[in-house]
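Take a look at the structures below.
In the two complexes that follow, subunit A is the common piece, with subunit B as its partner first and subunit C second.
Here is the complex of A and B:
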C-alpha cells in the first residue's frame, strides 16, 4: 500500500524534471550514446572476445590521457557539425559539408603556398580564404534551392564530388603546391601555420578556441537576433514564414552561404594546424576520397540536436572516442579497421538513436498506457476469483 | 445527492483559491444539475438501447479527453452529440468506431458487452461513420468507392453488375441521387457525401455516425440531408449526429448529449429544451447569438480589386475570373460561397501568397499588385489566414514569438538585429490579457500545445493589434465553439467600428448574415451577386451560392 502511494509521487517528480526541454534533450543524448556504446562493445566482443573489456575501457577513457589531441581532432568536426546543424535549423539538409570542407582546405592551401605575407598575417589570410572557399561551395546549392527550388540534398551531394575532383585536379596541376615525388602536396610554410597553444606533446592550437567562440556566436545569432528568429521560423514552418513576409529566398541563400563558410573554416583549420603527427596536417594527398570529416559533421550535428552549444560537446565526445580508438588498435591487437567500424557504429548508432529518440519515447509511452489498460481488467479478474 | 454536489462545489472553490487564475470559470453547480439526467434514463429504458457507451474514460498524455462519459443510443432515434471543440466528441466517436481504445468503461450492443478494437469490428457490429473529411478515393468512380473493401467477386474477378444493382436500389430507396460511373473528384461535395452515406448502407450498417456533416453543404443540401436522416430514423436505423450547430439539432434530433471539457454534462430531450439552454450546457454560460452592430459609417475606399484573374492550381482553368470590387473603411464585406469557388484563391492573390495572372489591387491608393508580402503588411494589411496551422502560426514557437510574427522587425522589438526580449514579453503579456488568450504557461507556452480557439485568438490579437487599415479575415471561426465565435464576431465588428475596412471570407451562413454589411457571392470564380444581408433570406443566399441565381450585370448582358 505504501509502495503504491510512494510510486505516483516519485513518478510525478521524475516527469516534473524530465518535462523541461533542455534536460530531456540532454538525457536523450546520453541515452543515445549509451545505446551506441553497448552496440560498439558487442562488435568488439565478436571481433576479439579476450581483449574486449580492456579494449572497450581504453576506448572510453584512453582519450583522457591525450586531451590536447582530442581538442585538435575535434576542431574540424565541430566546424562541419555547426555547418550541418545551422542549415538544419532552417530546414535545409547540408549534406555537402564535405565538399565545402575540401574547398576550404584548397583555398587555404593555395593562399598558404602562393601568397607571400608576413608571419602574423599569413595564417589569418589562409583561414579567411578557406572560409571564402567553403562559402562559394555552399552558396551555389543555396542559389539553386532558392531560385529554382532544386533540392539541396541532391546538389550538395554532387558538389561533394565536383569539389573533391576539382581540388585534386588543381593541386596535381600546380607545380608549386604538388610534390609529384611524394604524390602529395609539399608542407606549408610555417608562416601559414595556426599558432599552437603551447601544450607540450600535443597539437592543440588556437583554432579550437576560435571554433568554440564561433559556436557561441552562432548560438546567439540563432536565438537572439531577428535573423535567427526568421531562420528558425522558416525551418519550423515555411508557409508561416512566407505569410509573415519573411524573405525565404534570401534566407535560404544566406543560410547556405554561412553553413558553407563554417565547413570551409573546418577545412582550413584542419590543414593549417601544427601537428607532430606526420601527414595529418599542413599537407594534402589528392587520392580521390571524399573528406570523412564532412560526414562526421552530420553525426555531430545530430548528436548535438543541431544546438550550437550541444554541438561543441558532441564534437568533443566523438573526437574523444576516436582518440581512444587509435590507442586500442595499437595496444590490444585489434585491426585498425575493426576500431574504425566500432567508432563508426558508436557515432552513427548514437546519432540515429538520437533521431529515433522521440519515436522510441512515444512507443514506450504507448505501450505503458496499453499495459495499464489491459492491467485493470486483469486485476478485477483476480479479485473475482478470490471472492468466488 | 445535494450534499455531494455542495461538496464538489466547495472543493472546486478551494482549488480555485489554491491555483489562482487557472480555475474554471463556469459555475460547477450548473454543470452537475444536468448530469443526473442520464442516470435516470439508464434505469428506466434499459432494454431499448441499441448501443450503450458506459462510463467511457479515455486519456491522452496530459489530458483526459473523455472522463466517465455515458452515451446511450435508442433504436430508431436521431441522437445529437453536442460540444465545443476539444470537448471530446470526436474522441468518443473514435472509441465507438474502434480507432481508439478506452482505458475504462464498456460498450454494449443490445445489452451485451462488445469489444471494438478496430473499425472492422465496428463494421461487423453494424456501425458506420461519415467522416468530416471524406475518405474517398478521388480517382475512382462512385461505384468503385462504394464497394471498396467489400467487392463482390467470383474467383477474384469483380462482379460489378451485382454491386451496381444493389447500389442503385439503395439510392432509389432513400433518395440518395448519385451517378455510379462519375469520377469522385469531379462530383459536388454534396454528392460525395451521399456516396459516403451509400457506403454505409451498402455495408448494411444500421448505426450511422455523422461527423459534422453539414459544414460543407449549402442550405438546400442541408435540408435534404435532414430529410434523409429522418427517413433513416423512420426505417429503424439509429443515428449519431455530431455537430456544434444548434439549429440543426433543434430541427432534426430527438435527444442530445452535451459534452464539455471531456465530461458529460447531460442528455436532454430536444422537445423539452431550447437553443439557449443547449448552448448554456455546452459553453457553461449564456451566449449572445445576435451580433450587436451599429449602423455602418462608410469612409473612403481602402481596398480596390480590379479585373483580377488567378490561375487554378489543380486544373487549367482560372480559379478566379476577372473579379472587381472594393471595400470601404467602416464596412464588413463578406465573400460568400461554397468551398472551392475561388474565394481562397482570390484572398491568396490579394494577400500576396499566390500570384495573380491579370488585374490590379490597390490598398489606400497604393498599387500593391506585385508588392512582396512584407510590403503589403507595412501598407496596412492584416490577414487572419484560412489555415491557422499552416500559415497563421509557427507551432513550435512560443506564444510570445508568435504574437510578434508580423512585428519582430519593427524598432519597437529589435535594435541592430537583436530582438528586445523584454519588450516582446511585455507586449505578449498585454495581448494575452486584452484578448484573454488562455494557455498553460502564459507567454512561453509552445503554440502547438494550445487549444484551437486560443490559437485563433492569438492570431486575431496579433492581426488586430497591429497597425492596419484593412483586415482580411478568412474563415476566422472555422471549427471554433460558440463562445469563441461570439468573441471573434465582436472583435470584427469593433474593428469595423474603429473605421477600418474588413474583408471577411466565410462559409458559415449564420456568420455571413449576422456579421457582414455587404455580401459578395462567388460561384465558379465569379461574383454572381452583391447582396444586402438585411434584405435577403438565408434561402435566397443559398440559391446564389449554388449558382441558381445571379444579379450581377454580367448575367444581364448575357441574357440580352
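Here is the complex of A and C:
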C-alpha cells in the first residue's frame, strides 16, 4: 500500500525525465546509431557472411582493447565537433572545419620547425599558432557572411579547397618541414611535441585533457554568459534577436572566428602528437586530399546535438567505432571503409531522428490509449514507462 | 589561334558536367529543396556509369553507344540516390543541409568499399576511348568546325541538348511553372491545388537525373572514363552550386557561369601553353586554386542582391500557413 502512495510522484518524475529535451535527443541519437550499426552489419553479412558476427562484435567492442588510441583519435574530432556544434548554435553551418583544421595544422608545423623555443614553451606556442591559423581560415567566411551575405556553406567549402592547396604547396616548398624522399613531413623536434600521457602502445597525450576542458568551458560560455545567450538567441530567431538589439554581424564574425580556432586546435593536436616510437611524431602527406577529420567533426556535432558535453561523448563514440573498424579490417579482412559508411548513415538518420523518435513515442502512446480503453489499465503502465 | 582552339576544345567537356549539375541544383532549389548532396549524387552516377561501361566494354559495342548506355544507367542511379534526400527533406522534414552532407559522406565510402572488395583498387578503371577526333562533315566548317567539332566528346552535344530541354521545361510547361511556385510560396501553390510534396519530389528527382549524368560526364570528359572514390569529383558538385548561384537560378545564365568556371580551370591546367601566364613563373598551385578563389570573389559581389528561391530550405508543413 505504501508503494501505491509513492507511485504517482514517482510516475511524474519519470515522465518528467523522459519528456525532457535532453533525453529525447539522447534517445534520438541512440536510434540513429542503432540504424547505422544495423546497416553496417548488413553490409558485413553481404561481404563475408562467415565472419560477419565476429566482425560486428569486434566493430562494437574492439576499441576497448585500444582505449589509449580511442582517446588519441577522439581529440581532433572532438575539436572539429565543437567547432561545428558551436557554429550550429548560432545557426551557421561550418562545413569548412576541414580547411580550418588543415590551416591550423600547418601553422603548428611551421612554428614547430622554424621557431627555436625552450622546451615546455615550444609546444604551447605551436598549439596557439594552430589556433590562430584556424581562426584566420574561419574568420574570412565569417566576414563574407556578415558583410556581403555570402552563404557560409559555399564559402567554407571553397576555403576547404583553397586551404588544402595552399598548405600542400607551402609544405612541399619548405625543405625543413618536407621530407621529399618519403613524400611526407619530417618528424617534429621533441620540444614541439605535446607531452605524452605515457600509455604504452598508444599516442594518447595531454591534448585530450585540454580538449575536454575546452568543451566544458564552451558549455559554460554558451549557457552562462551574455555572449552565449546572444548566440543561441540569434540561432533561434535572427530577426527577433536583431530587434532586441543584438549585433548580428559582430556575432556572426565572432562565432566563425571561435569555431575556426577550435578546428585549428584540432589540427594542431593531431599533428603535434608524439608517436609510439621515441623521437618520432605524427606526419602529414600533402596529396591534395581534403582532411577527413573536418567532416567527421560534422558527424560528431550532429550526434552530440551540438551540446559541448554531448560532443565529448559522441567524439569518443565515433573514435571508438573507428578503432573497432581498424581492428575488424586487420583481423577479419573487412575494409575499414565500412565504418565511414556506418558513420554517414548515422548522420543521415540523425537528421530526422528526432521526428522519428516522436513518431515512435506517439505510436506507443496510441497503443497504450487503445489498451486502456479496452480495460485493464493497471498492468501495462510499467511497460510503457520503459518503452517511452 | 591554335591556343584558342585548344582552350575551347578542352573547356567544353569540363563545362558540361558543371552545367548539367548546376541545372539539377536549379530544379531542386526552385522547388524549395537545398541540394548540397550534388557532389555525392555526381560520384554515385559516375560510379554506376563507369561500372556499366566496365561491364559492357568487351561486348563489341561502339564507344558512343556505350556512352549512351552508361549515361542512362547513371541517370537512373542518380534519381534513386536523390530519393534518399527527397525522402528525408520532404517526408521527414529533416534539415536539408545536414542530409545533403550525410549523402556526400556516404558515397565516397560506398565507392571505396565496393571498389576495394571487388577490384582491390580505389575506383573503376575502364579502357574505352570516348574521344571524337572530328565530326564527319561539320568539322570542315572553317572556324566553327575547329572550335566545336574536333577533338571533343559526345557529352558536349548531349549537355547542350539538355540545357535546351531544361529551359523549355522550366519556362514553357505547366510543370515548370508549378515547380517554381513551390520554391517561392508553397502555401499559395497548395491553395490552388498543387501538391507541394509531389513537386518537391520531382524537383529533387530531376536534380538526381541531371546530377547523375553530370557525374558520369565528368568521369568521361575529365577523368578519361574512370571513377575514383578518393578524389571523387574534386568538388565539382560544390562548384556547380556556386555556378548555380552565380547564374541566379536561371538556365541561360547558368550556362555562361559554367563556361566561365570551366575556362578558369582549363587555364589552370594549360599554363605552359600560354606564354603570358607561363612567364609569370607562378607555382601551378595558384592556378589550381583559381576556380575556387574566383567563386569566392564572384559570390561576394553577387550575393547581396541574390534572388534565391524564397522558400528554399524550409520543409513544407501543411499545418503551418
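Please note the rule applied: the second predicted complex is superposed on the first by the 312 of 388 C-alpha atoms of A that agree within 3 Å, B and C clash if a C-alpha of one lies under 4 Å from a C-alpha of the other, contacts with A are read in each partner's own complex, and residues count from 1 in each chain.
Here, a residue touches a chain if its C-beta (ideal position, glycine included) is under 8 Å from a C-beta of that chain, and two chains touch if they have at least 3 such contacts.
What you see is a predicted model; the values in this text were computed from it and never measured.
Engineer: Does the superposition put A:150 against subunit B (first), subunit C (second), both, or neither?
Structural biologist: It touches subunit C, and subunit B stays clear.
Engineer: Is A:45 touching the first partner subunit B, the second partner subunit C, both, or neither of them?
Structural biologist: neither
Engineer: In the overlay, answer first, second, both or neither for which of subunit B and subunit C A:247 touches.
Structural biologist: In the superposition, A:247 contacts subunit B only.
Engineer: Between subunit B (first) and subunit C (second), which, if any, makes contact with A:225: first, second, both or neither?
Structural biologist: first
Engineer: Which partner chains sit in contact with A:237 here, subunit B, subunit C, both or neither? Use first/second/both/neither.
Structural biologist: First partner only, subunit B.
Engineer: So in the superposed three-chain picture, is A:210 touching just subunit B, just subunit C, both, or none of them (first/second/both/neither)?
Structural biologist: A:210 sits against neither subunit B nor subunit C.
Engineer: Using the superposition described at the top, determine whether subunit B or subunit C touches more residues of subunit A.
Structural biologist: Comparing subunit B with subunit C, the partner touching more subunit A residues is C.
Engineer: Write out the stretch or stretches of subunit B touching subunit A in their complex.
Structural biologist: Against subunit A, subunit B makes touches at 59, 61, 101-104, 353, 372-377, 383, 385, 390-397, 401, 405-406, 408-409, 414, 417-419, 421.
Engineer: For a test of understanding, state which residues of subunit A touch subunit B in their complex under the given definition.
Structural biologist: The contact residues of subunit A facing subunit B are 224-227, 229, 232-233, 236-237, 239-247, 365, 369-370, 372-373, 376.
Engineer: Which residues of subunit C touch subunit A in their complex?
Structural biologist: On the subunit C side, the touching residues are 36, 84, 88, 92-95, 97-99, 101-103, 105-106, 108-110, 112-113, 116-117, 230-231, 235, 238, 241-242, 245, 283, 285, 288-289, 292-293, 295-296, 299-301, 303-304, 306.
Engineer: Provide the residue numbers of subunit A that touch subunit C in the complex, in ascending order.
Structural biologist: On the subunit A side, the touching residues are 43, 47, 93, 95, 144, 148-151, 153-155, 157-159, 161-162, 165-166, 168-169, 173, 289, 295, 298-299, 302, 335, 337-338, 340-341, 343-345, 347-348, 350-352, 355-356.
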